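Sharing a structure below in structure tokens format, with a few things to ask.
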Amino acid sequence: MSGKTESLTGPILLMRGIGKQFPGVVALDGVDFRLLPGEVHALMGENGAGKSTLIKVLTGVYEIDAGTIELSGQQVAFSSPLAAQQAGISTVYQEVNLCTNLSVAENIFIGREPRRRGRIDWKRMRARASELLAGLGIDLDVSTPLSSHSLAVQQMVAIARAVDIEARVLILDEPTSSLDAGEVEQLFDVMRALKAQGIAILFVSHFLDQIYEIADRMTILRNGRLVGEYLTRELPQVELVAKMIGQVLADLEKLHGEARAFDEPLVQAQALGRAGAVEPFTLTIHEGEVVGLAGLLGSGRTEAARLLFGADHATGGQVVYGGEPAALRSPRAAMQRKIAFLSEDRKRDGLVPELTVRENIILALQATRGWTRPVPREQQDKLVAKYIAALKISPAHPEIPVRNLSGGNQQKVLLARWLILEPRLLILDEPTRGIDVGAKAEIQRLVVELSDGGVAVLFISAELEEVLRLSHKVGVLRDRRLVAVLPNDDELTTEALMETIARGGAR
Amino acid sequence: MRRLLWPLVILALLLLVNVVFTPNFLSIQMRDGHLYGSLIDILRFGAPLMLVSLGMTLVIATGGIDLSVGSVVAISGALACLQISQDAGVAWAVALALGLSVLLGAWNGFLVATVGIQPIIATLILMVAGRGLAQLITDGQIITIVNPAYKLIGGGYLLAVPFGILLVLAVLAVTAFLVRRLALGLLIEAVGGNAEASRLAGVRSKGIIIVVYAFAALCAGLAGLMISSNVSSADGNNAGLWIELDAILAVVIGGTSLLGGRFSLGGTILGALIIQTLTTTIYSIGVPPETTLLFKALVVTVVCLIQSPAFRAKVLGRRRRPPAPGPVPGEKVRVSA
Amino acid sequence: MSIATLPKATAATLTNPRYVPVLVTFGLFLAMFVAGGLRYEGFFSGQIILNAFIDNAFLLVVAVGMTFVILTGGIDLSVGSVVALSTMIAASLMAGPGWPPYVVVPLVLLIGATLGAVMGFIIHVFEIQPFIVTLAGMFLARGLCYTIGTDSIKIDDPTFTAFAQTQIDLFAGLWISPSVLIALAVVAVGAYVLHYTRLGRSVYAVGGSEQSALLMGLSVGRTKIAVYTISGFCSALGGVLLSFYMLSGYGLHAVGMELDAIAAVVIGGTLLTGGSGLLIGTVLGVLVLHLIQTIISFEGTLSSWWTKIFIGLLLFVFILLQRVFSMRRPRRSP
Amino acid sequence: MLKRISALVLAAVLTASCGSGGGATSATSSGDDTITMGFSQVGAESGWRTANTKSVQDSAKNAGVTLKFSDAQQKQENQIKALRSFIQQKVDIIAFSPVVESGWDTVLQEAKRANIPVILTDRAVDSKDTTLYKTFLGSDFVEEGKKAGQWLVEEYKSSTDPVNIVELQGTTGSAPANDRKAGFLEVVGADPKFKIIATQTGDFTRAKGKEVMEAFLKSNPDIDVLYAHNDDMGLGAIEAIEGAGKVPGKDIKIITVDAVKDGMQALADGKINFIVECSPLLGPQLMDLAKKVLKGEQVPPRVVTEETTFTQEQAKEVLSTRQY
């Protein structure tokens, strides 16, 4: 494979015949990969194709079962992320892997803090951290704990950390999933500057537009195998998607034609609010209606959804459900009224990692019945099999621990958990984040199906196209306030939405 | 079953050591219409530990820990014996003791689940105060009682089998039913595996936690009855002293992680048997009292090392099967592949 | 006390969520002290506070080590036994072969640190839970005590006893022992290490998320082994201070001290799950435990069991109040 | 029972009020006419100890002495703390039962400097400076072990067959366990026919005593004599012996120490053969000594409690009059 294409200098990184197995899953099977200095190289593939595993193998998180890795022509085997880092490979992993209990500055510098006479020079560290973040267009108090910042900021912090390490290879695994457009541009500027310095960048993203904007070449994986290596400019998007999912994908149209009138209001939030989280808002959701919630991260979208599910206590207002006031004191109370909530942070608020796929799927159903009335095993197996098939969960084995599944499949497991309950209102908080095109389309199609079947859906997403494609009406949040509720008619475009978000008022 | 392989091997090894020192160690005879022999002794004396460990398993599975079981053992025994010494009926005494135990356990659960105190500290409170409570009940004296019906619980026989063993079997069966046939086990594992996710899935975590601590205390209370019945006396200060450490050890040897989540009842029973066999071994092979603890430390270390997959891989040279695509097994936060 | 732990107490730091638990503990401690002073004659004296340090110098040192371990999310049950073992080794070497203290003390410290390092090594390399490894360590150290001897061994080395009986007079009849200075030095050094060294920050990182720390390229293994070594060292030093205090070595010294140390650390606001807490909190935790005991001793009419019940109740009231006051913490905004 | 529960509730209320800093009810007073005594007890680890505490408390009341009682929960460090706190509270006299012999010099010197006389009870300290305390009142554990051994030697003096002895020790490392073992060994060790074939700690408890004895019975078929360091372990062992189908007191001869009520009962019933008394009733003697010391009278440096030994016949006679 080496020397096949146009490289003048040799590849800085060369991986050959990489194989990696987990119990019940072949994650990588004879994968070749190379990275040239001064290029941005996209690693493409669906969820579970093996992208994250390849990166973790490369950075010493996992040992490889087969194959070789060469860095600058020398064979290497990293025993730990530290060793990889020392060899000049700097990584931002998919899920933000930082210590939220430490300050922002520390998260950037921990392990290589500036020191003076042996002691950590906190002043200099904070100053340097502020500088670095400023370079990424972020201005904040770097002495505050990371936990007090949004996921987007956390992601930028992770990037700042990786960028600052003197690296020859920079790996960015889904760095943009929670960034807004401006932040992505900032990041790309940084990437271009690094590229100009001859640093090789490995880039993973599910946003195809971003790939085409920044990447020079791409390597495509499918089911743990190599599909091929291509120059970005020579591979049209449609072909790329076809290669990733192994089939041609039907075009995604606006799935819901236009705003229509609904008769039965199912859930009404009346001046519902929570001090410090989201200001009182009023919103009506009808049966069969898809309501989109748009807004930047931290605009109060998730907080609003949590109030509707009783995950947090409201400090004002009320929820009217089916015409009657409903006190949603706990998620249980909401579930009894057939409200379901797919949370944004699946690792923290969704999965029970060591339980099996089956157990994770039936958890909510069992919870509604209490521990004294178990769901009969045959019924469990039937339900689980049904949803594994319906949602194409892979591997299609109900008895493996859910932590062994890829991110997208874990998301489907959680979706199955709620679908089993046959909810009348389904709240989906960023259901498609970090998920490949195929799975994304499946989830979108599912939303349409559910809505056609009379289920009300509250759909939260950072991707405005997606919100527009699915929703009957769109609520816009800004600075913890619901600033507008817009019917999804012909006039409503992504531009119009963005303007509303930016201006903070109705059209 | 695979998970229980190593505990089984260790137990077998320990028994083997005994056979070398005590030739008729494995023989079980009928004497005075009872089963009699060293193996029966191990089961009989291990019964309280097995009970306490069963309760402890569920607590640990929720990610908690209960240091107060030893004190509950003392309180329960003390209260029952006090009642009996004051001519109360055995049934009433037993019911009262177990009732108080459940109450104390629920108190622990309340502190952990509702007030939100870290389990080790929440139960430390009762561990300290409970010991005092037990002595308050006995007035610092050893209450001696003569009551054949009460004696049955810990020292008697039913159908030639020591009643204590039957009691453990019954509790084990009930526990297994609750957690595996009913859905308690799943919900406990969910709460222990990810408490916030369980709450959002509608699991009544608080209720589950309170139930679990109450159950642990009930088991401890029963063990307390057994211990006091066995010697026909209640010793507020010494009954169940440090049993919590042995119980935690038994749970861990049985393969349940202290971080919560998955648990194994069978493993726990095996773990408790290993510890009791170890104790009996120390007595029978004549380890001098000064080196008893040293011996125990040695065996515990060896047992835990053999149990550790990492140890087997690194030292015994087995090819290591990664338990999960996470580099550090047994860690709370796992990366998804 | 240690200035290093509390950098300029500006208004900003006072509202910093990291300091809230410590401040709450401090407030409650003061309230309890005032209450005791109003209730008992002779309670309101400076010497009562100084006694807290004199009587708890060893616990303070042990709790410093425990804080390191708990900050990484671990636990060390062996400390009490290692303290006992240290007194035993020190006493037997000085009493038997008559080794001089300047040989014995470093040796004891070395043994303690080594024991800790071995436990840390097993915990990290063989991935066995700290609770169990240190429990085995607890049995081991206590067992070693008994193999050395079951009797209490008197220490009558002149240098040692002279040092032990030195009183450093302050003013107005107040005094402290040299052990107090050693303990405070340990606290200061500990706070410095936690705040100003890479090791210290790694300790917090590992406690925050071991996974993330690993992925950020920190040497998790070295950090974990280091904290258990530190804890072992502190326990040994605590043992030396205890032998100053008692002038004897005994296998039954410091039974259950691990629970006191853990309680002190937790009362001081450190989370058992790791990653959050300050050494100054641990100092306060030790003082609170002592205050509870002092109150009971001043009460003077409690029978043995009421003593235990009271300790439990006071502990409960304290933790409950602490919980209530530091409850309102912001949820992480997404 | 109800009374105790209400007492508990009262305690909770009391805690709350003391937490909120209620009235200044000064319990301490070093008034001129009444004596305030600080007494630091080891703990409440056995019935014997509780009886000892009760005796001190009752006799203090009878003698009009204000007693500051402090329980050390078996920890020497707690005891030292208690002594310091007594000095702080300026009590008139300090009495305490040391957990161990060693390690008291520093704190006793502080007491001396504060001019507070000290009386030791139950156990001595090994300080070279005997001016640190006024007197020592208590039993001699080594002597108790010797008495047990002497009875055994006497009992088997006509026999030449080897005598197999098993020993149930007290808590490993505790003073009574160490000394009772040493004293016993000193006597029986002189004659080679006495063989201690097994020895193990029973932690001074019945449950452990029973458990250990069962194991002994399995691994050692011919046991002639059991020597238990206290009555409780002996009582536990009796159950084990009966369970094994042997007759305690006949098939296996039993010697214990303490002479608590249950033990005396068993002795009278013939299940125990010999008990060495270790009396906990030190209270009256202690108060007496305290008053003498405070009046400046001379007291002997060592006051041994009046203790005896009991055979089965003697037990039957005195059983009804035992106080504890």
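As written, the chains take the letters A, B, C and D, and residue 1 is the first residue of each chain.
The rule we apply is simple: a contact is a pair of C-beta atoms (placed from the backbone, for glycine too) under 8 Å apart; a residue touches a chain by one contact, two chains touch by 3 or more.
The UniProt protein names, listed by chain, are A = Simple sugar transport system ATP-binding protein; B, C = Simple sugar transport system permease protein; D = Simple sugar transport system substrate-binding protein.
This is a predicted model, so every value here is computed, not measured.
Chemist: So which chain is farthest from chain C, going by the mean of the CA atoms in each chain?
Modeler: Checked the centroid distances; the maximum from chain C is A.
Chemist: Considering B-D alongside B-C, which chain pair is linked by more C-beta pairs in contact?
Modeler: B-C
Chemist: Would you kindly tell me how far, in whole Å, the mean C-alpha position of chain C lies from that of chain B?
Modeler: 30
Chemist: Roughly how far is chain A from chain D, going centre to centre by Cα mean, in whole Å?
Modeler: Chain centroid spacing, chain A to chain D, equals 69 Å.
Chemist: With chain centres defined as C-alpha means, what is the inter-centre distance between chain C and chain D in Å?
Modeler: Whole-Å distance between the two chain centres: 32.
Chemist: Considering chain C alone, which of its residues make contact with at least two other chains?
Modeler: Where chain C meets two or more other chains at a single residue, that happens at 146, 150, 209, 211-212, 214, 303-310, 313.
Chemist: Which parts of chain B, given as residue numbers and ranges, touch two or more other chains?
Modeler: As it turns out, chain B has residues touching two or more other chains at 133, 135-136, 140, 289-290, 292, 326-327, 333-335.
Chemist: Hunt down the residues of chain A that sit against at least two other chains at once, touch-wise.
Modeler: 61, 93, 97
Chemist: Any two chains that touch count here, so list every such pair.
Modeler: Touching chain pairs, listed by label, come out as A-B, A-C, B-C, B-D, C-D.
Chemist: Would you pull the chain B residues touching chain C in the complex into a rising list?
Modeler: 67, 115-118, 120-122, 124-136, 140, 236, 245, 248-249, 252, 257-259, 289-298, 300-301, 304-305, 307-311, 314, 326-331, 333-335
Chemist: In their shared complex, at which residues does chain C touch chain B?
Modeler: Checking each residue of chain C against chain B gives 122, 125-129, 131-133, 135-140, 142-144, 146-147, 150, 209-212, 214, 220, 259, 262-263, 266-267, 271-272, 303-313, 315-316, 319-320, 323, 327.
Chemist: In the complex, go through chain A and note every residue touching chain B.
Modeler: Answer in residue numbers: 22-23, 25, 27, 48, 52-53, 56, 61-62, 93, 95, 97, 309, 311, 330-332, 335, 341, 343, 347-355, 359, 362-364, 366-375, 401, 403-407, 410, 417.
Chemist: Sort out for me which residues of chain D touch chain B in the complex.
Modeler: 1, 4, 7-8, 43-47, 49-51, 53-54, 169, 172, 198-201, 203-208, 210-212, 214-216, 218-219, 232, 235-236, 239, 243-245, 260, 262
Chemist: Within the complex, which stretch of chain D touches chain C?
Modeler: Going through chain D, the ones touching chain C are 8, 11-12, 15-16, 18-29, 38, 41, 43-44, 50, 53, 57, 67-71, 73-78, 80-82, 84-86, 88-90, 99-106, 109, 126, 128, 171-175, 177-178.
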